[in-house]
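Take a look at the structures listed below.
Each of the two complexes below includes chain A, the first together with chain B, the second together with chain C.
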Partner chain A sequence: MNGALRTWGSVVRLGVLHHFAWRLDVVIALLSATMVLVLNGSVWEAVADGQSRLGTLTPVELSTYVVIAWCASRVTATRVDENLGQRHASGQLATDLLKPLDLPSYLLARDVGRAAVAAVVTALPLLALGAWWFPLAWPRQPVTWALVAGSVALGVAVGGQIGLLVGMASFRLRRVTGLVSLKEVATALLSGALVPVTLMPDAAAHAVMVLPFAALAHVPAWLFLERATGAEALGLLVAQAAWAAILAVVVRLSWWRALRHLTVEGG
Partner chain B sequence: MRAWLAYVRTVLLARLAWRGDWALGAVGDLVTAGIGLVMVVAIFHAVPLVRGWTREELLVCWGVAEAARSLCWMTCRGLYVANSIYVVGGELDRLLLRPLHPLAQILLEHVHLGAWPGIVWGVGVVWWAHGGLTVEEAGVLAVGVLGGTAILAGVLVAFSSIGLYVLHRGSAVGLVWQATAFAPYPPTFLPWPVALALATVLPFTFVGFAPGCWLLDHEVPGWVWLQPAVAVAVLALGLRAWQSGLARYGSAGT
Partner chain C sequence: MRDPVAWTRGLHRTFAVTERRAGLSGALVDLIAPRRRTHAAVVDLDLDVFAGEIVGLLGPNGAGKSTTVKCLTGLLQPTAGEVRVLGLDPWARRTEVVRRVGVMFGQRSQLWWDLAVREAYDLLAAIHRVPRATYRERLDALATTLELTPLLAKPVRELSLGQRARCELAASLLHDPALLVLDEPTIGLDVGVKRRLRTLVRERARQGTAVLLTTHDLADVDHLCDRVVLVDKARVVFEGTVPELRTQLGGQRRVRVRTADRPGDDELAALTRRVRSPVRIDGDGVVEVVVPAGRPVAHVLREVLSVVFAEDVSVVEPTLEGLLADWYERAAEGTA
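Coming up: the complex of A and B.
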């Protein structure tokens, strides 16, 4: 057990190091995220201008939602799909499969490293900047912070599994870029990261709440606003965990299936 | 000229070989275009009027921006990967050996014909939100879209040239592209420093809002008519930056 922990710990560390190796890219990612946050937040601020409420949110709650959902989405935005697709396209997958590590778990562990870096060097600075630029409604109860952190962590798990599914689709399609961009769009639209879920037309909002994408940004923002507390908040976390578990099972089944049919060229 | 034609033909054949990815990419582009649209619709689902602008007016600006973005995406997608594949990966050396300008080769190797639905989509939304278009209005729209495309291309070329000066794996092009999503919004929607930046540093207000205004009855600021001049200037600056970056390129040695 201890040995396994050490092994996977070192993979997570590898993810952290890999992410830090290209420092300019970390800076660019932060700049990019900052720019979108300021632009998107400003547009929503203009929309809320002079209104007492938008849907169920006050203008301050709306700014808060936009900031928190965006910060959370930067942590849950995985690149596992691209990574797996590239491994397949380049033939590296053949040697990966010879290694004594389970590849999906290896990719997820590295993604945890990436998420940890993103949380510290992207999400927290973004939160500070958002708090300086926009009026925010801070949580009143300390426990909310723990709920939000747990929710983001579960979001990373859900995002990683979705990424693995998309990446595995590349085994059939031979290339993954198209599907990755499709996934990114679906995430942007359905997670609440750009358009608050509560401002969507009712039918759309209900549909979005059932999908796993809400786990990536909406749920953390909703918890931060303390719109769901106590048992209801726990219910949201359980729903996130359930999605992570369901997707993990689907990933596992598809992985076994994919391995039987897999053809790796080159390598 | 013969060299160009043969080159374009090879590129297209190679592209069609990955049909599955190509089709998904086209769907992806179309849905990507939908993000901005959903945002505009969601905004006006919440309130009827934002700082004096209606949904239809904003949709006209959005449509112009979308058509320009798609046209640029169709032609300039290579800039996205110029850095990782060509500069860091060393592929640029190969291009430099050929008798065509390397920038033209990078663009042509990544021409993305699948982006056409975005153009139709953008023009269609303008047509719908404007309540039809006369021949003159269609001409004005075409000028606006081409000018917007030139601005986007100029800015993207300039940013991709950063990779020729500073070695890095990713690319600032993606960052810039994200800001283009805000091209349709009137400057009054944004705090003034942001609005100013979006009209000067990254002049995307001239990609969506300004040409969109040409088609609107709304009272519009006079500077929106400067768009064609801005387009020429930005494209020239972008190419200039790339050219001088290329002169400094020292090869990765691979």
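Coming up: the complex of A and C.
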């Protein structure tokens, strides 16, 4: 087991090192995320101006939701799809398969490293900036922080699996970029990262809550607001975990299929 | 006899290839009803690689070498036939097999572009679960042989081709594989790097590693291979040692004699009769005689010198390169 720990620990570390190898990328990602945060936060602030509540949220809660959902989405936004698609297009997949590793697990472990970097160098600075720029409603109970952290971690698992599926879907296409932007639009609209899920029409909000995307931004924000506490909060985490598990099964089946396609048909 | 480390029996591999119709209307038809054809990349291939042996897999581009290598490393499932590496089916048990196989592609990297070489090695060692102490020993030894020490702190993307090739070879040996597969390992390298890589590969084979080498660099073959397998159009057309390959390809030595006075036509005709072998003369008065197989060079030389007055004499050995080039050309014309 020690060997497995060392192996996967090293792969997570690779994800971290890989990110730091491109320092300018990190800076640019932070800059663009900052711009989105300030713009989107200001838009919602203006919408809520003079109103006592927007949906069920007070203006302060709304700002908090927008900031936290955006910060969480920067951690859960995977690059696995792009990475896998490029590996397939460039033929790098062949050398990957010559390593005694399960490739989906390897890519997910790398993504955990990426997410850890994003949490520290993107999400935390964004949170500090958001707190300075907008009025925020901070959690009253210390346990909320743990719930939010757990929820973001589960969001990383869900996001990574979605990314793997998008990457595999691109195997039959020339480029992965089209599918990746499709996923990014779907994520931005359906996760709560830009538009609070609670402000959507009831039917849409219910539908979104059933989809896995809510795990990427809405759930952490909702927990942060302490709108769900106790059993209800745990229920949200369980739903995230269930999505991670369901997607893991789908990823496994798709990977077997993709691998068969690659090695049997030579595609 | 010992069991081979890797073997194939009756290996077949076919691919479905899409054929494009000509023109714009053809492209439209292709969109709706693509035309597919089955292409046999490897047909009935038997191959053995024993421990301590270096086997060269040769053949023109598209002959089926890469497909064979991919079947041996589990990247492709054979359409028919059997493949075993260390007794295991590489396709069904790829992860187990690649733990014991080292692969180096001359044209592809197994390292991580952004990482320093040492970081990449640490990661490979962790992936292959090489115990830390063993890993340090191996890396020290490889770093000494391949002079990697100054490269270890550099990111892979900053290495020159020769530096990268050295680093790649070391990477494929860190887990001490029982089978080393080298796919065009010396492509684009200078002679110094080539020599260093060859020395190390020889050394590993002496220590018992089975080596399968595909290359277009026939100096690699000459320096390294105990045995060669020549494939063409998906089939094995020759298997044997390098000297046997030369004989098979019709490799004959030639005696070249620079003459002081250009011999006349009747003198050359007389010479042809005496040596019973083709005689040529070029514009500078150099006479060239093919030494027929099985006859001593000295014998032919004596005959030549009895007819012409020689200023300088040389014996030309056929290069494997030249022989194979001739053979590929004949094969392409369908006469070999």
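The rule we apply is simple: the second predicted complex is superposed on the first by the 261 of 267 C-alpha atoms of A that agree within 3 Å, B and C clash if a C-alpha of one lies under 4 Å from a C-alpha of the other, contacts with A are read in each partner's own complex, and residues count from 1 in each chain.
As a working rule, a residue touches a chain if its C-beta (ideal position, glycine included) is under 8 Å from a C-beta of that chain, and two chains touch if they have at least 3 such contacts.
Predicted model only: the values in this text are computed from it and were never measured.
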item	value
Combined model on chain A where chain B meets chain C, clash or fit	fit
Touching partner for A:Val11 - first (chain B), second (chain C), both, neither	second
Partner, of chain C and chain B, that touches more residues belonging to chain A	B
Contacts of A:Gln141 with chain B and chain C, given as first, second, both or neither	neither
Chain B versus chain C as contact partner of A:Gly91, first or second or both or neither	second
Chain B versus chain C as contact partner of A:Pro100, first or second or both or neither	second
Touching partner for A:Pro201 - first (chain B), second (chain C), both, neither	first
Chain B versus chain C as contact partner of A:Leu182, first or second or both or neither	first
Closest Cα approach, chain C to chain B, once both complexes are overlaid on chain A (Å)	9
Contact residues common to both interfaces of chain A (with chain B and with chain C)	22
Chain A residues within the chain C interface of the complex	3, 6-7, 9-11, 13-14, 17-18, 21-22, 91-92, 94-95, 97-102, 263-266
Chain C to chain A touching residues, read off their complex	15-16, 70, 73-77, 91, 94-96, 98-99, 101, 103, 105, 108-110, 112, 114-115, 119, 122-124, 126-129, 155
Touching residues (chain side chain B, partner chain A) in the complex	18, 20-29, 31-32, 34-35, 38-39, 42-43, 45-47, 50-51, 166, 168-172, 174-175, 178-179, 181-182, 185, 188-191, 194, 198
Residues of chain A defined as touching chain B within the complex	22, 24-25, 28-29, 31-32, 35-36, 38-40, 42-44, 46-47, 49, 51, 54-55, 172-179, 181-182, 185-186, 188-189, 194-196, 199-201
